[in-house]
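Two complexes come next, and they have one chain in common, chain A, joined by chain B in the first and chain C in the second.
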Partner chain A sequence: MAHVTSIQYEPVAEIGGGAYGTVYKARDTESGKFVALKSVRVPTDQNGLPVSTVREVALLRRLEQFDHPNVVRLMDVCATQRSNQETKVTLVFEHVDQDLKTYLERTPAPGLSPDCIKDLMRQLLCGLAFLHSNRVMHRDLKPENILVTSQGQVKLADFGLARIYSCHMALTPVVVTLWYRPPEVLLQSTYATPVDIWSTGCIFAEMFRRKPLFCGESEVDQLGKIFEVIGLPPEEEWPTDVTLSRKNFSPLMPRPITDFVAEINEQGAELLLKMLTFDPLKRISALNALEHSYFQDEETLTQTKS
Partner chain B sequence: MSNVQLSCSALERLVARRTFPLHRRTSVCRNLFGPVDHEELNREMKVKMREISERDQQRWNFNFEANTPLVGDYEWEEVPVDKTPVFYQDSVQNGRTRVPATPTKQMSTSDSVLPETPRLDVLERLAVPESSSGPCPVEVNQENRTDKLNSGRPTHRTVPCVRRKRTTTTDNNTHITDFFVKRKRPADRKSNDMGACHVSKSPIPVEQTPRKRIR
Partner chain C sequence: MARTGFCDSKPLLDLHKKVDERRAPLRMWANACGPLDRWQPVEVDESRVAPVKKEPERRWERRLSIQTSEGIIMGFHEDSQTCLAADGCVEGPVLLYPHGLQGLHSLQALVPSLLRREVEIALEKLNLIWDRTYAWDMFLDMMRTQTWHSFPNADLPRHFTDATRAVLVDWLIQVHEIMHFQDETLYLAIHLLNRSLRQIKVTTANLQLLGMVCLFLAAKKEECLLPEVSGLCYLMDHTYTRHQLLRMERKVLCGLKFDLSYTPPLHFLLLLASIARCSAKVVWMARYLLELSLLEGQCVVFQPVQLAGAALCLSRQVLQEPPTPEGEAAWCLASSIHVGSETALLRIMQILASAAAKAHGRETCATFIKFSSPETMHVSRHLGLKNASALLGV
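Let's turn to the complex of A and B:
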């Protein structure tokens, strides 16, 4: 396989000393474990690394000490100054072979079993509850940055230093998906940890559908797609600090969620709706979601079985 | 009382930071340790940086500066980005934004992403008998196995606050702790913060989009 890759991908040019379009991955010959490097190039000035970056690194390292099973392991952080304007921060992560996106794509026809979905969801929420209880929000949760090991273990990735600041996204040429964004972010209102629960809801639905729930092409389009499912929220729930008025959207009634997520059971549908709640303050929290009857019923089931 | 002292010294530090090294020191900023030899400091910092870099390089047998693998315990290989999760892709911190450094196909396309001819590793994965619960690949996988798997068995959400300290010891030596009940060690703060999220109904640490803090 190594042969194939080296033939298929000849290094064409090196940009700034880094190989382009490749990822460095290594096997620890002692433990047999795999690691991968992820570099973040950070602009610096005479004061060195921006305080925000230092803070992010400190936070990532602190989180790492908890060794949470549903968060990707960060083994080291190595900084090298490349020029007066730029420092390269290399994060050494454990390597996981696939993310939830490829996992779902590779799932054969009937799709994931309800038990498998429940298990993935429980792990996802565990990881999220851990981040939230440490005052970290992910902000860009999507199938691409949820890693799934060959053993079916879920590991959240791409938060902290690696997180994306949505409000500046419009300034960059890169297309970033809006599909998992909650209404408050789309409306550019203030937001907090409930953003991740919205994204989790979208992902929950996608596990059944094997295709995304809301595929908007712009912020307004995304909101429109959301309201087609959950209905247009009442005026009193519309945030006051936003420029986009509620009048821009046609008055829609909520439709049954099972119209969009057919295979979901009753408790699952109830939990999904609590996640896809327009008002972030009314949206369920990660910890409360773990307490939801959707998860409880399996626990009692396995207890009676054993 | 301790609060007042804290904020005072914090203020002083702030002032010191603002005035250093560009402005003259004000009376608030006292020179306690003599003049700073900036050149020497700079030199020392460079030496320290080098030491750290060398340690990193040795630990991972990887030259981070030149971005090249070295010989050692880690067997490095270069993998094309589309064969690893997008997450491992390099990125550039652009202001407060992070963008992928590599212009690969982005996640904008919908369900049409599956390639017509599955690549080698996909085939390898698919060649394996599937279990009922979806894709459960295989030995080809190059990733780490953790023993403390969080899957399969019903977890009891033990996880969010792993390191919570318990202060139940108070029962044993009441007469001693009586004197100290009101003292809070700063080290306890972390555990308190995390404990709080179990108690409060909505553990929502509110954060606003642009975080403005005093530097």
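Let's turn to the complex of A and C:
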């Protein structure tokens, strides 16, 4: 199948040496469209492709059948043997030229309009709600893997890959940005879908600020930066299954979020704080976030207008 | 002409899209035995599954399921109505006949909510769901996705015949039994085989290998314990090497584009039987008939829910258990799920009846033997199966 893939997809450019391996932009010679090729090398033993890989890719395929507008299309999957110990799984995604990072960089001062931010956020949360209701978490949500088409359509990319890649990651000393990581991940506690909501909160703030909210240089530094904004959580909220003690951090009171995100309106600030909640169980879910007055506000406004 | 008991009605609407991968597999009798020595535990990272916070509300799905649930519930069939009225079972279970509601009109109005409740209870009882909140959504999803799992025609590539396919399926049924896999694994394996036969070029010499790989992949998707590849090679008398098996695995995965999702007809069978309060014997008979459908190449054109409905109808007709008011009422409620057209169901019933009548004398008799055991209430040896076709007026 290797040659079939390389015949059907003609590499055009390397578009990123992501944490998980190189990503290529390629042209689908059948349709003429551009695709993004992401390859994962999975270790294979005498029993073939690992069960986790088979199940995860099958799950991505199944998600694909639902054709969600805010999730990037997975067009093809292929497995090729590289050696006796390794199989290369190539995932063929639709290619979108622009991610949220470049989108924000290209936006001239004074930045995105409040309506535009609201629209992007709604689409982002719709995509997340879809993934979460299918028990898929992204785990590595950041502006680089939120794609924005030229029509302003948001498409989540790279979800679910964290699990497919995980065995590979264990072998590679990868540098992954900490800026969008929630406290529970930084503290190496258990985590679930709320991780993505924390990241979404960071991105929400960044849309206003046009620069990241928390730019830590290490796990502890990142946590420190977080507590400077949301305050040091009470002892009872500190997870019990972690090695890092709460005593390592100086007691800080929460500061008004508008000190850091100046242009945000009142409902937006309230939603942002619900996303940047320390306790993952108290953090708002994607679906409840969509029901928040921050979004309903605009609906009623447009209704009265029309 | 015989009736299926399931009613003709409006077609299934395009139900809203929703995924279910969360269901826990059914515990099957085949799974009751302990693991064998050559098995190894599957190491799957459960981190995503374990502490996932349940969303209290899923607005967009819920809204859509309300819109679309109409399509799967049909108006009562004439027969069903008369059976409700004629049997005078007004004092049946509370669930079916709340006090003060008499007359067909009000009963009909009640069906959707009764059915919904019954579906929820049944799915929970069958261990197909973790949380009843999502049961109806999941059922709608099952009904919608299963429509993708039939084939436009029963044609096989020229060098394969239905007889060859039946021999292969029969062998896979035996391997499946040796492995003590769950029944879902068997249905998935045969579905993958049906798809692979149409999408991948395989020589006759590699047909057995393809079948084994489909079973292996189905096990990777469904089972907690996996056999070693060397064990599988042993079961094929070392006709193929481990290397060949793994190469075929990649070939099948690529050919099917890693799409391993399937709604097995068995789930519909158990669901319908549970709503219809069928006796254990009816269920075993229906399971036998349903498994026979795997051997029939022509059955691939039918949807899983149609196969399940037909197997259950035929089972009831063969066993001819004395009707009870509660049983008939429950059957009427189960019949309000739109299973398929009368023509399609009768066609399947004819195929299954004729297969069951011949099963004992065939070369491919693994299913016959499996269902002749005391655990399965000896259903495959039931005398009624000998002239089952006559029951259908053929």
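Keep this in mind: the second predicted complex is superposed on the first by the 261 of 306 C-alpha atoms of A that agree within 3 Å, B and C clash if a C-alpha of one lies under 4 Å from a C-alpha of the other, contacts with A are read in each partner's own complex, and residues count from 1 in each chain.
Basically, a contact is a pair of C-beta atoms (placed from the backbone, for glycine too) under 8 Å apart; a residue touches a chain by one contact, two chains touch by 3 or more.
Predicted model only: the values in this text are computed from it and were never measured.
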(request) With the two complexes superposed on chain A, say which partner A:133 touches: chain B (first), chain C (second), both, or neither. (result) both
(message) One more residue to check, A:63. First (chain B), second (chain C), both or neither?
(response) second
(request) Using the superposition on chain A described above, determine whether A:153 touches chain B (first), chain C (second), both, or neither. (result) first
(message) Let me test your reading of the model: by the given contact rule, A:290 touches which partner, first (chain B), second (chain C), both or neither?
(response) both
(message) Let me test your reading of the model: by the given contact rule, A:94 touches which partner, first (chain B), second (chain C), both or neither?
(response) first
(message) Is A:46 touching anything from chain B or chain C once the two structures are fitted on A? First, second, both or neither.
(response) second
(request) Using the touch definition from the top, say if A:191 reaches chain B (first), chain C (second), both or neither. (result) both
(message) Give me the intersection of chain A's contacts with chain B and its contacts with chain C, in residue numbers.
(response) 1, 51-52, 65-67, 76, 78-81, 126, 129, 132-135, 137, 163, 166, 190-194, 281, 285, 287, 290-291
(message) Under the stated contact criterion, what part of chain C meets chain A in this complex?
(response) 17-19, 21-22, 40, 42-45, 47-53, 55-61, 145, 148, 216-217, 220-221, 226, 228-230, 242, 245-247, 249-251, 253-254, 257-261
(request) Enumerate the contact residues on chain A facing chain C in the complex. (result) 1, 44, 46-49, 51-52, 54-55, 57-63, 65-67, 76-81, 87, 126, 129, 132-137, 163, 166, 190-194, 280-281, 285-288, 290-291
(request) Using the touch definition up top, name the residues of chain B that touch chain A in the complex. (result) 49, 52-53, 56, 59-60, 62, 64-67, 69, 73-81, 83-102, 104, 106-108, 110-111, 113-114, 120-122, 125-126, 130, 132-138, 141-146, 148-152, 154-155, 157, 159-163, 193-194, 197-198, 202-210, 215
(message) Residue numbers of chain A touching chain B in their complex, please.
(response) 1-2, 4-5, 8-9, 17-30, 33-43, 51-53, 65-70, 72-73, 76, 78-82, 88, 90, 92-99, 101-103, 105-108, 111-113, 115-116, 119, 122-123, 126, 129-130, 132-135, 137, 142, 144-145, 147, 149-154, 157-158, 161-169, 171-172, 174-177, 188, 190-194, 211-212, 215, 281, 285, 287, 290-291, 295, 298-299, 302
